[in-house]
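The same chain A turns up in both complexes below, where it pairs with chain B and then with chain C.
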Partner chain A sequence: MSENVEFLGSGIFAPFKKWGTKWSLWPVHLVTACCGVELAHAYASGYDGERLGSLNYGIARQTNLIIVEGAISRKMARVLKITYEQMPDPKFVVVMGACGLKGGLFWNGYHMVRPSDVVPVDFFIPGCPPTPESLLRSIRALQEKIMSGKAETTISFDKVDLSEIEGRSSAARPPTTPKFIAPTPSIKVDVPKDVDWEFGKKLVKEFEKDLNGLYNSITITAKNRIAISAEKKNIMAIANILSKRFDHVKNVNVIDLPHENSFIVEYQVSSYSDKKLMPVVVNIYARIPRDNPRFPSLVTFWPSADYLEREMYDLFGVWFEGNPAMGERFLLAPDTPDFPLRKDRKLKEEEYCFCEVRE
Partner chain B sequence: MTEKELLLDVPVQPPTELFLPIPKKFLEEAYQGDDYLVLVGPQHPGSGHMRIIVRIKGDIIVEAIPDPGYVHRSIEKLAENRLYIQNIPLLERPAIMDTGNLTLGYVRAIESALDIEIPERAKYIRTVLAELSRIGTHLYDAGILAVFMGHTTGFMWPFALREPIVEAITRMSGARITASFVIPGGIRRDVPWNVLEFIRKTTFVIERRLKSFEKIFIRNPTVIARLKGVGVLSKEDAIKFGVVGPFLRASGVEYDVRKVEPYEAYEMLNWDIPVSDDGDSYSRFLVRVEEIAQSISIIRQAVNELRAMPEGNVISEDILADYSNASSDIRGYFFKVFGNLILPQGEYTALTEASRGTLLYSIISDGESNVPYRVRAVTPGWYYLKGFMEALRGERVADLQAIYGSFGYFPPEADR
Partner chain C sequence: MVDLGLLGLTMQHFIDNMVSIPLIQPLIDYLLGIPVIGFVVAIILWRPMFALLIFPGLATLMTVLLFIIWFERKLTARIQWRRGPLEVLRWAEGIIQALADGLRYFFQEVIVHRDAHRPYFLQFPILIFIPVLLPLLFIPVGNIVGIRTPYALPITVAIVSLIPVFIVAIGWASNSRFAYIGTVREAFMYFAYEIPFILAVVSMILVYGTADMVTIVEKQSIPGIILNPIAALVFFISTVMATSRLPFEIPEADQEIAFGPFVEYSGIMFGLVMTIAYEKMYILSLLMSVLFLGGGNGPTIPLLGDLSAVIWMFIKTMVVMVALSFLRSIYARIRLDQALRISWTAMLQISLLAVAIGVVLNLANVV
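And now, the complex of A and B:
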């Protein structure tokens, strides 16, 4: 077997084989993230990538090129590897975008992997997203590489002598971070606001009558926004009453307050059926202890909350009692650290470098 | 060929224990019964990747379970660790072709917190940008729908049509796709008259070429045969599962955030909400085609209004404070003005009608830090995923691709 491969690589037919490979670089459909938009442009009629002999194809086993389109998540890393392993030799990898290079905007995200750690990469295309021109340029560069056997960068930069730049002293220290994060923030989700909203005031009166004894406070927080504070034990009763008027959930949110040792769980509900209630978003929220984060699931009243609840379990570990899919990973890869959105899961901090702008 | 040392050891052997986000009982039940489990994806010949675990009886789908998260990029966590202003490009990334609407959603949440009124000219330019993105996204989805159905010409036409839109966005903002043009208090810089004129002319190009596209794809009998009556989502189901945007309107619910809770210049302009009662894949597609026509009309009206306005002031005085000479171009003053932006304490929720539906950004601020305490982003894709799965129920496996395409499901947007 290896003799045949060697013969193909260096025998008398080798130039023909190289030539054939050069003009038939078929990328597999592996749209990994948002750079796919520009990839689609590159292969559509505007830029027509097909004239370089490159054509997207659906099945990994009949292709020889992977164009990694931007960010690779932990969950996707395995798919990338499996797809790569499925492809026949010779095979190539081109990575698009800043995310694939060093992480780009998402460099310190908890769910990110660099493609160069997973598969061997032939060319990187910087940009966020790179233009179709630069993608086609990388295809040309790859063709050159196939013919000559060495990968060469297609961009050259002028060398800059840093010592000549005025005003730069060797003792210059990098600036400190502009961020200020309060050590003990006080979070209040129902800050009252005085707005000119007659219907809202009427609505609040109706809620006060309907939910008598079940709520702690009802506040108008902005125009079309009402917040209802309640205890955890009353949430089901409130949902039962409100679900008759509000038919879907807009948002399920959890706010982590480690310094107060609690979570705030919010349900934002709204209506599609009642024209008057359409713009109104009612926020029902309750505090639960952080060491025993359990909350009644409201999927029985609002089936639209299902995936939102599962997502919140993934990210915060709040157990929604009654949701049948609790305890299963949904969005996150199996090997991601648990509950990454909790405040005590820290991300890597940025480093600031010194840069002087000359007028 | 020398093998490169790889840092991550990713197992490539077929896993003995499948990682599937479904209960074990479900697997056993399916195997004992007469059903099959078909895993569609993550690598499949369409756009983006997600896995759909389809349980089929014969070739009828009994149940479809999604396995999303392949493009989960931890945007919500990253947003908690950056300045308010640094989050604009970050929160644009879920769906970069929809740049106008996604940035607008986040910026409007900030503006509602600061309670500032933006200049009239900025409102209209934002509307133009948002509608350009909407046309672009609908065309993108039409192209992807064509890819799903193996209709290559149907892919080429909308993407050729996207080129003038991309060019218009480039002339406005300087970037082809990721404009990040909307900032708290207005827009980055004023758009000169010749660019607005270019945008107006672009709308005529799109309108004319859409007519050919209609012959090639929209009224094509093959396309109608693939889409008509497939993946029906009734009005009750659409409401129950919280479907959003054009997909909700295709099921007969007249809900559009632009009308329900008007923002920017939409109240001042004359336009309709396209609604269909069928709720099938074809009407989901047609509603979006009709929306392109509405967007074209909105852009023309907005450009006409802009013609009458004096050029210049596009950033609110309230936010510029001492730097009022930057009111027509923020360049050079960006961090001076926005570097230490602090929102008052509270929760601020802004609803926006992005191209694929309702977009919710909720910012929670503690009133002291210059980074948000929590940013909650719920994108349209994530809203209608449930409805999408319900629409698959009872359909044939061969129609899965058509339904997938008709929803324009874009995993990077849904997973964030």
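And now, the complex of A and C:
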């Protein structure tokens, strides 16, 4: 029995405490995932959770129930913990959905946390997502728990004799674990496209003149899109020339090619000051070896590349030489494993087992 | 007769000024004959004490609080095609929902966060009941009145105007970002609605030629809302602003600044501060029914005696309160600058017009 329920059931005021809390379970707004839609449905017309005296409320300080709606990532786990600690005792937690129960769809993701590791959970609601009825059922179950002091499961599943399945042919068996690392075909960033774009063709001619000897190829990939392929050692020189016409970096992107042992690093630059160049996005890219992923930082030419480069370091581990913040965690939570988006990162594998029916 | 000699007052002193209810007079006479109970009954039925304890005072205030919170949730639910609070008392449509919420708040932990100014944080929600409850002494119901004075109306308005000062102090003691924003908004709204509100009251003082509320009610053979409808309109809108109801729920906007000044309160302390707006709404509704709807005037029911005025006054007050609750479910919230523009331009102008009507009626000696 949790100490909250114990508190409600003790003392001479116990009947009042239990009755008041039973009919006044106010969930705090902490929508973390898509189960929030079902929560909204449960409290809107039709199902109307307010019939049970339960009212969605804005702030943690005045509520006594958290409904954890689905997946909790490492960063949201901190938010969940803070919200829980902000709430006055006695307080309760209900976890909704398969993600909160065992990870659900994201069961082997690098960023997942089980809510039961963070806060003491009173009830789990299975389902992906659970229906509004089952959410209201959990509130009813919580009311019962407050009154009786005992948590009882409200669902019982039929037992299945798995030994019958084992005896079948191999075709009826569950599939083997999927291989997450498939041999990737070569990724081509500059696929040429024949478009009716006079200005672009003029622009390409100007680039060819300006960047003479620095580039490998200049391609029009779509309307308003130009791709410039270059070697890593020439990138700084190209950026120096292009930064006179293009004033900001829209995006920094890294493509992981484990089977070619290389990364492709892309800078997509554009302009806010020159009206003609505003729709144009120029993609400057280069290949770097995968075992020594170092790339010159272009922060000196385009300050807007700073955060994007830090994010790429977080996710892929490409070291941008010259960026002052390299080596620090930027977006990911401190306990996330290193470089989670590299394709050779070993994911947890699914296991099927054939067990005896327990009596 | 028992003579306790309390501060030189005899029991006869209370009996002389007692609420007369012919229907239960035999019962009262019987109770007065019993030694100690008789004295208690005499004090409770003494008119000033009746005003303080029964109507419009404590007992009615508590009942109205329980009722109006439930009613507001129920009305909003009906407008949104829901049932609203129900299961807590199914045969009565869950009318004791606010009681359950109150009990839950009462037994919850009160958190005082580190940054709060601890003494003020805990004192102000209780001290605020002084300006909230004091006006009840001056509001007359028929001939039941706590204190009768020719300055009753100015005193009431002055005390009601103190409430936002306490709310600003609550926000300051909370020392949090949302509380700060809410407090500044409260201060802005305070300046915006107070001037039209006072001008509306002044125009009614001009119409009746007196500030004594008992006389005002006696003079209303025609209700004030017909004599000066513009003043009634200004008073109503000012009430909406003063009690921060939608569409002027700007200081406490829970979706954007999380209840503004009250964000850090938990447990019974939040229960106290949350009811401030409802108590203020009750007082201003009483004031509105006194000034514009004829107070306790109405067909007299002989059997009930003084209670018939109580019943009429209660009905009129509840009508005003229900109208105020209705606004919550049908309006969206408007921005602070829009509210300020409304009150500093249109409302100020029509409140000046109301004062002009008051001057004309005063000179023509209509009432």
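Following the convention adopted for this analysis, the second predicted complex is superposed on the first by the 194 of 359 C-alpha atoms of A that agree within 3 Å, B and C clash if a C-alpha of one lies under 4 Å from a C-alpha of the other, contacts with A are read in each partner's own complex, and residues count from 1 in each chain.
Methods note: contacts are C-beta pairs under 8 Å (C-beta built on N, C-alpha and C of every residue); 3 or more make two chains touch, one makes a residue touch a chain.
The model shown is predicted, which means the values in this text are computed figures rather than measured ones.
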Now for A:133: first (chain B), second (chain C), both, or neither, which partner does it touch?
neither
Across chain A, the partner (chain B or chain C) reaching more residues is B
Message: Touch test for A:51: chain B only (first), chain C only (second), both, or neither?
response: second
According to the stated criteria, A:41 is in contact with first (chain B), second (chain C), both, or neither; which is it? first
### Query
First (chain B), second (chain C), both or neither: which does A:206 touch?
neither
Applying the document's definition of touch, where does A:106 land relative to chain B and chain C: first, second, both, or neither? first
With the two structures laid over each other on chain A, which partner does A:281 touch: chain B (first), chain C (second), both, or neither?
first
Quiz item: Just chain B (first), just chain C (second), both, or neither: which does A:88 touch?
Solution: second
* To do: Could you look at A:152 and tell me whether it touches chain B, chain C, both or neither (first, second, both, neither)?
  => neither
*Thinking of the overlay built on chain A, is A:20 touched by chain B (first), by chain C (second), by both, or by neither?*
second
Note: overlapping chain A surface for chain B and chain C spans 44-45, 57-59, 90
Residue positions on chain B within touch of chain A in the complex are 1, 3-4, 6-8, 10-12, 19, 21-23, 42-49, 66, 68-78, 81-83, 89-90, 93-97, 112, 140, 143-144, 155-157, 159-160, 162-163, 166, 176-178, 239-242, 248, 253, 255, 260-261, 335, 339-340, 344-349, 351, 358, 360, 362, 364, 366-371, 373-374, 376, 378, 382-383, 385-386, 412, 415
Residue set of chain C touching chain A in the complex reads 73, 77, 80-88, 94, 97, 99-104, 106-111, 254-255, 258-259, 263-267, 270
In their shared complex, chain B is touched by residues of chain A numbered 28-34, 36-38, 40-41, 44-46, 57-60, 71, 73, 75-79, 81-83, 85, 90, 99, 105-106, 108-113, 117-120, 128-129, 131, 178-182, 185-191, 221-222, 224-225, 227, 247-251, 253, 255-256, 268, 272-273, 278-279, 281, 283, 302-304, 306-308, 311, 315, 324-325, 328-334, 340-341, 345, 347
The answer for chain A against chain C in the complex is residues 8, 13, 16-17, 19-24, 44-45, 48, 50-53, 55, 57-59, 61-62, 64, 86-90
